[in-house]
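As structure tokens, the structure follows; a few thoughts come after it.
A, B, C, D and E are the chain letters, set down in written order, and residue numbers restart from 1 in every chain.
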Amino acid sequence: MLILDIVSALLLIAGGFFGLSGAIGLFKFPDFYTRVHSASVTDSIAVILIMGGLLLQTSFDINTAKLLFIMLFLMLTSPTASHALAKSARHGGLASMAEAKMDEQENNNNG
Amino acid sequence: MTVVLSAVCITILIVMALAMARAFNAKTVYDRILGVNMFGTKTVLFIAASGFLMGRPDFLDIAIVYALINFIGMIAVLRFFEYTAPIE
Amino acid sequence: MSFVLDYYNYWVVVFLMMTGFYIVISANNLVKKIVGLNIFQTSVFMLYITVGKVSGGTAPIVTEGVSLYSNPLPHVLILTAIVVGVATTALGLSLVVRIKRAYGTVEENEFENKDDAI
Amino acid sequence: MAEFINLALLALLALTALRIIFLKDLFSVVMLFGIYSFLSASIFLNLDAVDVAFTEASVGAGISTVLMLGTLALTGRKEKASKHSSCLPLVVVCVTGAVLIYGTLDMPPFGDPNNPAHQHVAPRYIEESLKEVGLPNMVTSVLASYRGFDTLGEVVVVFAAAIGVLSLLGIRRQKDELVADTGLKEHRVLHVIAKLIIPLIILFALYVQFHGDFGPGGGFQAGVIAAAAFILYTLVFGLKRTFVVVSPKFLAWMASIGVLVYACVGLFSMFKGGQFLDYNQLAADPIAGQHYGIIIIELGVGITVFAAMLSIFYAFESQVERSNVQ
Amino acid sequence: MLEQHLAILPIILPLIAAPIAFLLGRSSLSWGFSTLISAGAFFSAIQLLVVTLSTGVVSYAVGDWPPPWGIELRADLANAFVLLVVSGISTLVLLFAKESVEKEIDPSLHSHYYTAHLLCLAGLCGILLTGDAFNLFVFLEVSSLSIYTMISLSSDRRCLTAAFRYLIMGTVGATFILIGVGLLYMKTGTLNMLDLAGRIDLYDSSRTINTGLAFIMVGVSIKLALFPLHMWLPAAYTHAPSAVTAFLAATATKVAVYVMIRFIFTIFGTDHVFLEMRMDIPLMVFAVLAIFKCSYMATVQSNVKTVLAYSSIAQIGYMILGVSLVSVAGLMAGIIHIFNHALMKGALFMAVGAVFYRIGSVDVNAFSGLGKHMPLTMAAFTIAGLSIIGVPLTVGFVSKWYLISAALEQNNWLIAALVLIGSLLAVIYIGRILEAAYFKKLPDTVDPNNVKEVSWLMLGPMWVLVLANIYFGVDTSMTTEVASKASQWLFHHENSQASADIINTLVSAKEVAK
């Protein structure tokens, strides 16, 4: 029991850490696409870790099933949402940092 | 164990606050959407973790609803955003 | 201090209610008015739920080993009120859509005729 | 810890509300409203109101937000600066707020088990409902049985809203060639994932419908979640393809039939010699009668809410697609 | 079998019929069906009034759960009387509506209209009969949502902004009521009105209860369009379809007035509201302001529907004035005026609807020469108009008479004089329209051959109301008897009854707790 608790605690703490780092990335990264990257990748790992940690706390009953369901659901939807968002931004003409720089250079060259 | 769970809950709350801050002040509207989405997924985790913290983990149904609604909200934002003005 | 602890919840809720109410009466855009109305109502729901809370109690679903439950009655009332709220919101928003089509604007100060204004 | 979480959530809530006042971009206003709704649902959860949290999350954050977004797609997303002064509203609000604060001063302290609200009517629900109605979830017992008449009224409100929205906006079938590109056509990944998870959502809706007697959930929440599944389908694939699955005409019938199912349980119990909505009359054993009654009326509620919410969404979505085509 | 269910029939009949009317779909089918249902509700209301006249109170426990745990319906003389008006007017308006609706509303929306009408009727009956404060909120919203729908059915685009304004104000009002009820619940732990009445007495001077009272009063005032909160009413009445205006003007605000009476007299108690909180002073001030300001506004409008809408607000002022006199006679005048005003305004708006049906406009100028071309309609308008002014032999006179005598009973000469002056203003605004109708010629732009009397289906309900105006103006025994009994009962009986009931409830609560 103790080992399970320790593993669970470690997973939870790691999950919290990744979540936090993702949130910081939301502010620190230079352009939108890198920020999506930071948010979505850490999101997935945090979901796996925290849900995993909580799974070990259950006594393998309906709650375990529900946790697995949430995990499956989030693993399906969260990257999809990020993907769709990035795609929309691309579609809507939002430039990445590199492109913005290139545009700027072109402008400078032309001007 | 309670200590760890409390710590995790507080961490997630901080992450939620940060995501909210992003949603409050964003350079582009996409950033705002990103913040809102992150807020949603983190709330799911928060509900799940706080359920265990409070000792009534049988309310995970609500976390499922959150995950579901968050996704649908995201899709709706993207869908209807197509029709409105270009980026800020 | 205990006075503050006993009441802070009510005060925050009152603050939220008034924020929503302020948006309803001051917003120029009709959609924002509806958003304000929703905030106002949601905060009122929070007042009810605050009333229903019993310290140390848990959710009112019978479970073994639990003897203290929170009060289920406010929960029932608010379930009803939430659904009523979304019904009103839906109707209000569809009116906004029609107003946009009929007048070309949803800004309160842009209706040409004073009688038409909201 | 619960107090701390409560305080933190309230603080976030207050910040969100304040931010909404000053934002002029309505798209962001609506998104923040979604956050507001989520946060308040978390507070409900933290204050033990699981069923309310369930409903607020699915109705407030889900349906309301989607409808608002749909409206914005039709009306534009910028609020123009208002010219008239904001003095009078501020005065009105301050006076109202001051009166309320004055009112709080005599309120019973937060969470005290000796408050009058916990002493008078509620104890019977808490202590007797398991014996009298036979369900562990007291909220469902009170909602469906003790205060079943309220719930009937609530179903009728939803029905009335659907009638109103349909009369205002109507659902029009588009001509085939015009609706070639509705839905999020570009997003291939989304198509696959949506097809994967929609069955899961409907399964979950059924679980919520029939598990409401034992845990959080019930007809309203189930109806809304089922509607949400079809809303997702419409958002991704467009109205035309959803109409093949669930036609608006069918929904109109469903919405009416749900109300009738509910009301007919009441009529039946009158017919059996009891009062309106007296489920004890439905079977020889009162508890069994209560159980049948609650299952049937929850089904009626679920049907009406599903049909009404989905038709309301159809009405908005068909407007959006129409204006987009033009 | 139906005897024991009398108290719930007026609510559930239209409630169950509404979805059926929607499914019927065809205009004439759903019209016929809803008229029948409304007539059914009317007959059960008559029966209910008869029963309450003999037994006093009819209590009905929905779901057989005893109050305060379940929801109780409680019919007494006062609400059975208002119920009679509401269901009666609803039936007449539905009869009238067929042709008017065919002219004014898009054919595909007719079944929506009848459904909304039935839902509204169910909501209004629910508000009147329920004995539970939260249930009142639910039915308030049922009726409000269907009213917004009905207003917005008109083809005039201005109905949309009118409906939206009403929706915002109405929802704020309803939310205020919700806050008030919440505060009361917080302090008393109950929602049943009788139970509340007894428990509020225990906390007479609690700040929470007083705040709750204030919020409920403001919320209800918005719903009944008391003077400074009336902004939604003129636009809503002006731009709604004629049949809807006739129905609303005669019922919706009256029901809200009754709600106010109920909250004041049976829940909070006169001592608390009037002696302690001095609510009678603001009510009286606003009522007098309503009478003058809105009667004046009525004299300067060019749209006849707007004139009548402002006149409605002024008339609501008379009702509230009666309540604010804090006497049995004053309350009785208020209740009589609820009944009488429904008769007058119903007839007036039906006549205006008939004019709109023929002319397509309701401007004062459009009435020119109609006295000759639509004699029956204009005769109806004239008689109902005289009733608004308060000419003897009409119900308007009866209302004014009782109001003035109630004021004089307290030696309040000022109020009596103000009521008389208010009537003079009514002479002006009704007179303008009558002048146009009888002393001006039909404008040249209108072909006289097209302007003829409307059909009997429209004239019939109108004249029923007009004859009722005269009948109840001459033979006042029925209305005054019911109103005086009701007001005496509201003033005295309920208090003693409540305290007796509360003791019983407390005893049984203890038993349950054991």
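Following the convention adopted for this analysis, a contact is a pair of C-beta atoms (placed from the backbone, for glycine too) under 8 Å apart; a residue touches a chain by one contact, two chains touch by 3 or more.
From a predicted model like this one, the values you see are computed outputs, not experimental measurements.
Enquirer: Spell out the chains that contact subunit C while also contacting subunit D.
Expert: B, E
Enquirer: Which chains end up grouped together through touches if subunit D is skipped?
Expert: one piece
Enquirer: Does B-C or D-E have more contacting C-beta pairs?
Expert: D-E
Enquirer: If you average the Cα atoms per chain, which one ends up farthest from subunit B?
Expert: E
Enquirer: Averaging over Cα atoms per chain, report the distance between subunit A and subunit B in Å.
Expert: 11
Enquirer: Approximately how many whole Å separate the CA-defined centres of subunit A and subunit E?
Expert: Roughly 58 Å separates the two chain centres.
Enquirer: Based only on mean CA positions, could you tell me how far subunit A sits from subunit C in angstrom?
Expert: Using C-alpha averages as centres, the distance is 32 Å.
Enquirer: Round to the nearest whole Å and give the separation of the Cα centres of subunit C and subunit E.
Expert: About 28 Å, centre to centre.
Enquirer: Do you know which subunit D residues sit against two or more other chains?
Expert: 50, 70, 72, 74, 76, 100, 104, 107, 115, 117-118, 121-122, 125, 147, 150, 153-154, 157, 160-161, 164, 168, 184, 190, 197, 215-216
Enquirer: Hunt down the residues of subunit C that sit against at least two other chains at once, touch-wise.
Expert: Each of 17, 21, 30, 51, 58-59, 63, 73-74, 77, 80, 84, 87-88, 91, 95-96, 98 in subunit C touches at least two other chains.
Enquirer: Give the residues of subunit A that touch two or more other chains, as numbers and ranges in rising order.
Expert: As it turns out, subunit A has residues touching two or more other chains at 69, 73, 77, 80, 84.
Enquirer: Spell out all pairs of chains that touch, sorted by label.
Expert: Inter-chain contacts occur between A-B, A-D, B-C, B-D, C-D, C-E, D-E.
Enquirer: Considering the complex alone, what residue numbers of subunit C touch subunit D?
Expert: Counting only subunit C, the residues touching subunit D are 5-12, 14-23, 25-32, 34-36, 38-39, 42-43, 45-46, 49-63, 68-80, 82-91, 93-98, 100, 106-110.
Enquirer: Where on subunit E is subunit D touching in the complex?
Expert: 1, 5, 8, 12, 15-16, 18-20, 22-23, 60-65, 68-71, 108-109, 112-113, 115-116, 119, 122, 126, 132, 134-135, 138-139, 141-142, 145-146, 148-149, 152-153, 179, 183, 185-191, 199, 206-212, 214-215, 509, 512-513
Enquirer: What part of subunit A is in contact with subunit D in the complex they form?
Expert: Residue positions touching the partner: 69, 73, 76-77, 80, 83-84, 87, 91.
Enquirer: Sort out for me which residues of subunit D touch subunit A in the complex.
Expert: Subunit D reaches subunit A through residues 184, 186-187, 189-190, 193, 196-197, 200.
Enquirer: Along subunit D, where are the residues that touch subunit B in the complex?
Expert: 1-2, 5, 8, 12, 15-16, 19, 25, 27-28, 31-32, 34-35, 38-39, 41-42, 45-46, 50, 53-54, 57-58, 61-62, 65-66, 69-70, 72-74, 76-78, 183-184, 190, 197, 201, 204, 208, 211, 215-217, 221, 225, 228, 231-232, 235-236, 320, 323-324
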